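Note that chain A is present in both complexes that follow, paired respectively with chain B and with chain C.
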Partner chain A sequence: MIESLKQQYNIEQKESRLFKLIIKKEEFLKTLSFISSSSNFITLSQIACADWIEDEIFKLNYILTTKERDKNLMIELEIPREESKLPTLLNFFPQAEVMERDLHEMYGIEFIGNPTLYDFALENWKEIPPMRREFDTLAYVNEHFDFRKGREDNRDVKVEIKRRRAEAKRLKNANK
Partner chain B sequence: MQEGFIDYQKVLNNEEHAIKSTQSVIQKAVDWFRSKSMFVLAYGTGCGAIEMPPTFTSRYDIERLGVVGVATPRQADILIVSGYCSYKTLKRVIRSYEQMNEPKFIIALGSCTINGGMYWDSYNTIKRLEDYIPVDMFVNGCMPRPEALIEGFVKLQDNIKNAKKEAGYIKYRENNEFYKANQKKIFGDNIEPSYEANFEGMNR
Partner chain C sequence: MQTNNELIKIFHGPQHPGITGNMSVELDLLGETIKGARTHVGYLHRGFEKLIERRTIIQAFTIVCRICVPEPDPNEENFARAVENLADIEISQRAKYIRVMVLEMARLGALFLWMGGQSGSIGLGTIGQWSVHDRDLILDLFEELTGGRVYHMYIYPGGVRRELPNGFLDRLSQLLDYLESRLPLYDNVFFDNSSFKKRAIGIGVVDANEALKNGYVGQVLRGCGIKRDVRKDNPYLVYDQLDFEIPTFEGGDVYARAMVRRGEIRESIKILRQVIKQMPEDGLIMQKIPKHRKFKLKKDDTFVATESARGEFAYYMAGDGTEKIRRMQVKGPSLIHGFTLLEKLLIDEELSNVAMIMNSLGICPPEMER
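== the complex of A and B ==
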């Protein structure tokens, strides 16, 4: 099956069971619909996203698996961070629903045509999506929570362990 | 006890810190019975929930101490918050807690409920559980072994039996504004359904 796809696309073999195809954003729907209808890559097992803030892009990896579960195909594409929009894959891979919902919540990517893009794991989240790299987790935590003060007699663990080891050694030598 | 470390449980349970109990004989008997039958809500948050099945089944068999699991909050006396709470979970925890009948107690399991544990810088887990609901017993560790949980239960039984500490549900009733304000801080106006409990006229 992969051979017939190889004639059409520039597919690169990464490992014995892993193949990779890099496409442009414009070809996205056409490619995916072709692959889903005319090959045995019938399962969408994952959509992975990475935030490349320096290049102002999101890199998305759609990972497809064959019916026999013996080959994986990664389809990589880039979308701009601002105006991050993509058409939904619901028509070809129904299992994309949850993954797209998750990506929408964590990265703010809009999947046009997916009707379930409301709260998922985070409820009433008002800030910028937390997996975007401009979101400052530490500042958010400091703003929203108080931390418990340490005990008065707390000590640096490493220093304390060293001190105890030295103490034990001293005692051992003294007993000799 | 190794030198330099304070046994905090001991300090907390110290007589000085205890409320001066004025237990009548009947109250004493009631408290004794109460400590011998603890019904635990079968509910787990976070990874600590893994330690609860062995605690309740034949390996550690906590039923010999009178601790039994029940299915609904209406029948439960004890809520074990067994680990980190995300906002979403905390909302459910609070709701379950408010549905439980008094007297009710909370055991908080794991470092995550004490100071955030390894999720101290996470954007959607709470750091200190007792800001939002009153905790009667902390069991620390990541994760605590079933033995530690059993010890927590025994200590809690002791507290109940001898009226050593003010119970959490009384704190929750009397400082309700404090807890509600804290909950509001993270949920906004989305505590649903909003319980406007009227505790006036209730006696202890």
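== the complex of A and C ==
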């Protein structure tokens, strides 16, 4: 089956059972609809998203699996970070509902047509979507939470290492 | 929810003995019958995926196992294999066998723990005491091998972190004999127990026609009579060199999923016996890998999957040419089972069956909210 898809699409073989197809955003629905209905890649296993902030894009990988569960096809496309919208795949795969809800919350991607893009793991989140690279976890934690009492002597590890090294050096020089 | 006061809304969890971890299911009840269900997670959100983006390989490795408490090792295996793919590392045959051994021991431990959870959900408390004791014997061996009982941090990119202690395989073999001798007892008190059968047969029925397309995995598929298992379908490590069966059962209900697990315990023991017999005596347990900051992943991505005790565990990983992981996205079996499937299965079920259905699906919240 992968051979017939190869005739139609430029599919790269990454490993013995892992294939990759890179498509443009405009071809998204047409390609997914065709592959899911006319090949044996019938299951959507994962929608993976990576933030390439330096290129101003998100790379999404729709990972499809065959009916026999013996091969995986990664369909990759890029969408702009600032205008991150895609049509939902709910009509083809019911499991896309929760995967899209997850990515909507974590990256702020709008999946047009998905009616359940409400809270996933976070509640009333008003900040930048947390999986975007510009979201600074440490700054957020320092701003919103207090350190537990009893840890006032908690020292910065790097500062402490530097101090100990300097102390060791000083002792070594003193012994000379 | 309707507004005519016919339905009562309750939250099943997160503080409930019948919930499988820190999550809750919002239920709309008509009397005792469920008319609507919605899964809520977020009580355990620890941000693994975000944390990993700031970490080097060895730093990320220490938190990967914590994604799944009952069975951390498939996460270690996925992480290691994804890193090996992106760093072009090939591991030795001996390391592969040791990894299979660890994964199957973890599977056995998880299945025994599941037995305790499932029996507890219907009030058969004694079985849990037995099975958790037997699982503890597996954890003893894990402690001897890795230093840790629950989180092992043993399977590392390049191989495994320690050589087997002297006589370890003999002790494992003795433990397998003991566990095998216990199985007829578990059949008597649990799998063939008429109280369990009466509760479990015909409950939480999954439609076999939709199972493959909807992305269900593990016992949910095999309980519908569909023979799918990553170890056979898309073999990794040395599973293609081992002789084992994929147990299936017809019916698609809670009982079918339990019977599949019953078969899997036996198959895991069979696999472990072969591993003990075929384990190569020579071979590096750990390949030469670059030092901490020099351990870089190429700018590429990969997708790996491992069969855990609850179904396929998959990782997407992308490298960007630096020592940090650009993206690691986890997809455990619970993501689909805990949302799409559970919300569907609970409709028109009785409130008293919620815990049993959840246990049969093997739902584990940390892998949903990562």
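Just so it is clear, the second predicted complex is superposed on the first by the 147 of 176 C-alpha atoms of A that agree within 3 Å, B and C clash if a C-alpha of one lies under 4 Å from a C-alpha of the other, contacts with A are read in each partner's own complex, and residues count from 1 in each chain.
The criterion applied here is as follows: contacts are C-beta pairs under 8 Å (C-beta built on N, C-alpha and C of every residue); 3 or more make two chains touch, one makes a residue touch a chain.
Every value quoted in this text rests on a predicted model; they were computed, and no experiment measured them.
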Worksheet item: Which partner does A:Pro94 contact after superposing on A: first (chain B), second (chain C), both, neither?
Response: second
Discussion item. Output check: A:Glu27 vs chain B and chain C. Expected answer is one of first, second, both, neither. What do you get?
Written reply: neither
Worksheet item: Residues of chain A touched: more by chain B or chain C?
Response: C
Practice prompt. Using the superposition on chain A described above, determine whether A:Lys71 touches chain B (first), chain C (second), both, or neither.
Written response: second
Fill in: Touching partner for A:Asn124 - first (chain B), second (chain C), both, neither
first
Discussion item. Touch test for A:Arg148: chain B only (first), chain C only (second), both, or neither?
Written reply: first
Discussion item. Quick check on the superposed pair: does A:Glu56 touch chain B, chain C, both, or neither? Answer first, second, both or neither.
Written reply: neither
Practice prompt. Check the residue A:Lys14 against both partner chains and state whether it touches chain B (first), chain C (second), both, or neither.
Written response: second
Item to complete: Answer with first, second, both or neither: which of chain B and chain C does A:Ser45 touch in the superposed model?
Response: second
Discussion item. Under the stated touch criterion, which partner chain does A:Tyr140 make contact with: chain B (first), chain C (second), both, or neither?
Written reply: first
Worksheet item: What residues on chain A does chain C touch that chain B touches too?
Response: 121-123, 130, 135, 137
Response to the item:
chain C partner, complex, touching residues on chain A are 14-15, 17-18, 42-46, 48-52, 59, 61, 63, 65, 67-72, 74, 93-95, 97-99, 102, 119-123, 130-131, 133, 135, 137
Discussion item. Applying the document's contact rule, which stretches of chain B touch chain A when the two form their complex?
Written reply: 4-6, 8, 86-88, 91, 114-116, 120-124, 126-128, 131, 185-188, 190
Discussion item. Which stretch or stretches of chain A touch chain B in the complex?
Written reply: 121-124, 126, 130, 135, 137-138, 140-141, 144-148, 151, 153, 155
Fill in: chain C residues within the chain A interface of the complex
41-42, 45, 47, 49-51, 53-54, 85, 212-215, 228, 230, 233-234, 301-303, 305, 312, 314, 316, 318, 326-327, 329, 331, 335-336, 339-340, 368-369
